[in-house]
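What follows is a single structure, written as structure tokens, with notes after it.
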Amino acid sequence: MTIENLQQNLIQDFEFFEDWTQKYEYMIELSKGLDKMDQEMKSDKNIIKGCQSKVWLHADYSDGKIKFLADSEAIITRGIIAILLMVFNNKTPDEIINSDISFIEKIGLKEHLSPNRANGLYSMIKQIKFYAIAYSKN
Amino acid sequence: MTIENLQQNLIQDFEFFEDWTQKYEYMIELSKGLDKMDQEMKSDKNIIKGCQSKVWLHADYSDGKIKFLADSEAIITRGIIAILLMVFNNKTPDEIINSDISFIEKIGLKEHLSPNRANGLYSMIKQIKFYAIAYSKN
Amino acid sequence: MNFNVKNIRKDFPILKKKINGKPLIYFDNAATSQTPKCVIDSISNYYNNYNSNIHRGVHSLSEEATEEYEGSREKIKQHFNAQFKEEIIFTSGTTHSINIVSNGFLNQLNNNDEIIVSGLEHHSNIVPWQMMAKKNNAKLKVIPIDDNGELKLDDFKRLISNKTKLVFVNHVSNTLGIINPIEEIITVAHEYGALVLIDGAQSAAHFKIDFQKLDVDFYTASAHKLCGPTGVGFLFGKKRLLEKIDPFMGGGEMISDVTFEETTYADLPHKFEAGTPNISGVIAFGVAIDYMNKIGFDNIQKYEDGLLNYANSKLKKIDGLKIYGDVKNKTSVISFNIEGIHPYDIGSILDKYGIAVRTGQHCTQPIMDHFKIPGTVRVSLSFINTFEEIDILFDAIIKAQSMLS
Amino acid sequence: MNFNVKNIRKDFPILKKKINGKPLIYFDNAATSQTPKCVIDSISNYYNNYNSNIHRGVHSLSEEATEEYEGSREKIKQHFNAQFKEEIIFTSGTTHSINIVSNGFLNQLNNNDEIIVSGLEHHSNIVPWQMMAKKNNAKLKVIPIDDNGELKLDDFKRLISNKTKLVFVNHVSNTLGIINPIEEIITVAHEYGALVLIDGAQSAAHFKIDFQKLDVDFYTASAHKLCGPTGVGFLFGKKRLLEKIDPFMGGGEMISDVTFEETTYADLPHKFEAGTPNISGVIAFGVAIDYMNKIGFDNIQKYEDGLLNYANSKLKKIDGLKIYGDVKNKTSVISFNIEGIHPYDIGSILDKYGIAVRTGQHCTQPIMDHFKIPGTVRVSLSFINTFEEIDILFDAIIKAQSMLS
């Protein structure tokens, strides 16, 4: 599926929820389903700075696609990471570069992505795009 | 006359004026009547700092009384100096120390005496009191 | 007790606000206090009626602005019982105030000298001293804290010596709410000829402080934590000390004579107030101090103590909740974690209930390192809070806990 | 021209004010500009609705405040066409901004290095450099001014060499209104590898400025001269230059890691924004920039030029009146004296007519020394002034002159 399609699906999924509690419960679900990162991967190299809840992001490039691994200490943050990986994992650099991230706003999670939250998600998205740019030059 | 009496007289004089122009014209008159200070007395020792229009003040103590000499570059400032000397010149240190300076407000010249005006009059009054305290210890 | 929280809350327009459909419950008072209407109005009034640059103008607006500005200095002087008006230096906040002092001592200390900081400090009372010490090679020593978060005074007495030139301690820890024994610290420091700077960012809002009685050398606070506006604070310093140190910034107002060859600095307080200050802010700060005095610091202290005790005993009922700095001598702050839950998650969910708390390190990374935690949830109270709000907080935490477990 | 001064004046509540029974005529715009209602309202709105500390909060108020604060940075960036948002550092004003740079270069220069200042500078752009040069022994050279008050560019070209590391010049002289040829100064300086700081305190309000087109290295301005509030300003610096210099203040927000042994500084712009900033002020600054852009800088410039020409030719009709800096390339300021009369006396009497002018040295003692005068009367205009006000000024000066002669 394209990034665009994945995003549309997510927006539709989230439209089902009647209030924030359902939305948060769903994210907590997603969080529990997200693979834990190995301790050794949680290195200074992969940490995203300026976070209240630490976020780690690792990228590998093979077969023209980027594979992301990511983790966080906070469960809600992990939930959002899961959502981001659903969309961006295993995509080509160009797909990622050209993608729009406004779907986050549309599913009502904007508050976690403002520079204010200092939870690393904002920086994580920047970093994802960064990797895409770097690998697109390979 | 006592300082108190002199102040009362001034307040009464100023009550005659119908508007500020008459008051200012009177001060400009007073200014013209004030003796100019000798150039050599306008020394750094006698200058009062922090003024837009420079103010010089000199004090001599003899026969138990303080004789003040003062001058300024600005004519309105000189007018106020004339008024202050009418009140404080040739008085004993104790009289000066115990005197009230609120008459300035009552004659409607307060604006020239706020610390803001930076015209040295505020500092000049402080300095007059200062001399009085210094000489009272003789 | 002449204190009615319901009436007081009417003075704060923001308390009418809804967050996520719920009434705002503001428990982030230690980060910044909310602002009563009279303070907000004083700012509008300034711009509507007498906005003007100060100190140098011959016109009426400038005079009015100067009088109000200097009147505010007088109010601060009175409230904190400084000896001289010119001991109150207006700054842009506590951080700026502390940097004035650390910069001032830059060339007064050398590599035989020692400075002592407490282990409970805010970054604003650590980093400026590190920056200074890096330049003049003074040695920075730290008063350790115990398992409860309290300063180990015995260690302080071992650390201090005749080499100690400066001691800087906050009055109240912003992270733990612990009230430090500054009277004793000042007494001991003075015995060794050391000067003491008290960071009062977290104390000035909660009880009345008397500079002369304390015999404190330097004291700093921020208006925005005292019902005043952002961008203003002050530095208090004893006159003879302030006279001795170099100005931090150069500019207009702080000089008496300028040629390209040489410059003479102005007298206190102007020497430290370079440039156009935050005029409307300073004036509003004075109004805020008046407002708090009208309520009465005795009333504030008594009421806030009651709130704190209630919140403390209530939160302790929550399974797995651990309070950091749970000691007797504290004020208005509860910092906690719940077992197995990251503070960020709790903060996010409380926000959904309209409850504003702070989570994270609270600019006190060394305290977090001490307790080996990534952060805490901090509930910071003030006299605008109610006992009912604490009940709502309690329920919301329980709900968050069950969602997140 | 889509510019109606009558309508614009309705935006400024203070213009309804009477001074000594006369309508306020405000000719002290260079000291501080007056504030439109939308800016005043934005401050009340902040405190009424979303007052909160920024950047670290997980709650909604903090998020809203942060967004507005960062939004203001974006507006400034756009308006001045900086390349990166993080090149805009919020400060408490121009004076603070300049001190950040002078402090930043403290340990980057040594006694073989030279810095060049113009002879037209405000104390805020002299004293910080003197303080720096005293510490690192850099040599301060001065671009002299001619009899009209203009910089002698030929002398500048003689003064500059490969030893020159920094050149700092104001864009517009606050005392004379002269517009300095900063494009040429920047080009020449860059040929020698010197960096240029432009003090824009007096230019930003009068015409549009494009940092990238100018290729300026550092630029500073104050909100309170730009229809904004007191206590806010900004420093622009090219990213790679700001990255290279040390922070001025230590504190919260400006660090990324703190232990008692070591501290790592945060990225731009935070590295230079220690402590809680003037949040309401920064947000109101953004509103002020929006307001001025709505009026349009082209309109402002055209209208103000008309006012200046009118005032200039009118005042010249007064016997014995001498204008300082009476050159072609100037904006919005007329500084004058009348033969035999002290400027203070004129200012005092104009105030009685409700006219606010500034008298004195205007924080530019070297200019006064150059002209060998104790001060001037300065009439500084802005787009809120009218041609009728200039007529009233003219009549009042004539009256003052006759009273004082």
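In this document, chain identifiers A, B, C and D correspond to the written order of the chains, with residue numbering beginning at 1 in each.
By our rule, a contact is a pair of C-beta atoms (placed from the backbone, for glycine too) under 8 Å apart; a residue touches a chain by one contact, two chains touch by 3 or more.
What you are looking at is a predicted structure, and each value in this text was computed from that prediction instead of being measured.
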Contact-richer chain pair (by C-beta pairs counted) among B-D and A-D: B-D
Centre-of-Cα separation between subunit C and subunit A, whole angstrom: 37
Subunit A-subunit D separation of Cα centroids, rounded to whole Å: 44
Whole-Å separation of chain centres (CA-atom averages), subunit C against subunit D: 31
For subunit B, residues that touch 2 or more chains besides their own: 52, 111, 118-119
Multi-partner residues of subunit D (at least 2 other chains): 20, 56-58, 60, 62, 344, 348, 351, 359-360
Graph class of chain-chain contacts, one of line, ring, star, complete, other: other
All touching chain pairs, where touch follows the definition stated at the start: A-C, A-D, B-C, B-D, C-D
Residues on subunit D engaged by subunit B in the complex (per definition of touch): 20, 341-345, 348-349, 351-352, 359-361, 374-375, 403-404
Sites on subunit D touched by subunit C in the complex: 13-14, 17, 19-20, 24, 26, 28, 31-32, 34-35, 39-40, 43-44, 47-53, 56-62, 92-96, 98-99, 102, 117, 119, 122-124, 126-131, 140, 142, 222, 224, 229-232, 246-255, 257-260, 262-263, 274-281, 344, 347-348, 350-351, 355-360, 363, 365-366, 369
Subunit D - residues contacting subunit A, complex: 54-58, 60, 62-63, 66-67, 70, 256, 266-267
Complex contact set, residues of subunit A against subunit D: 49-50, 52, 111, 114-119
Subunit B residues touching subunit D - in the complex, by the definition given at the top: 20-21, 24-25, 28, 52-54, 73-77, 111-112, 118-119
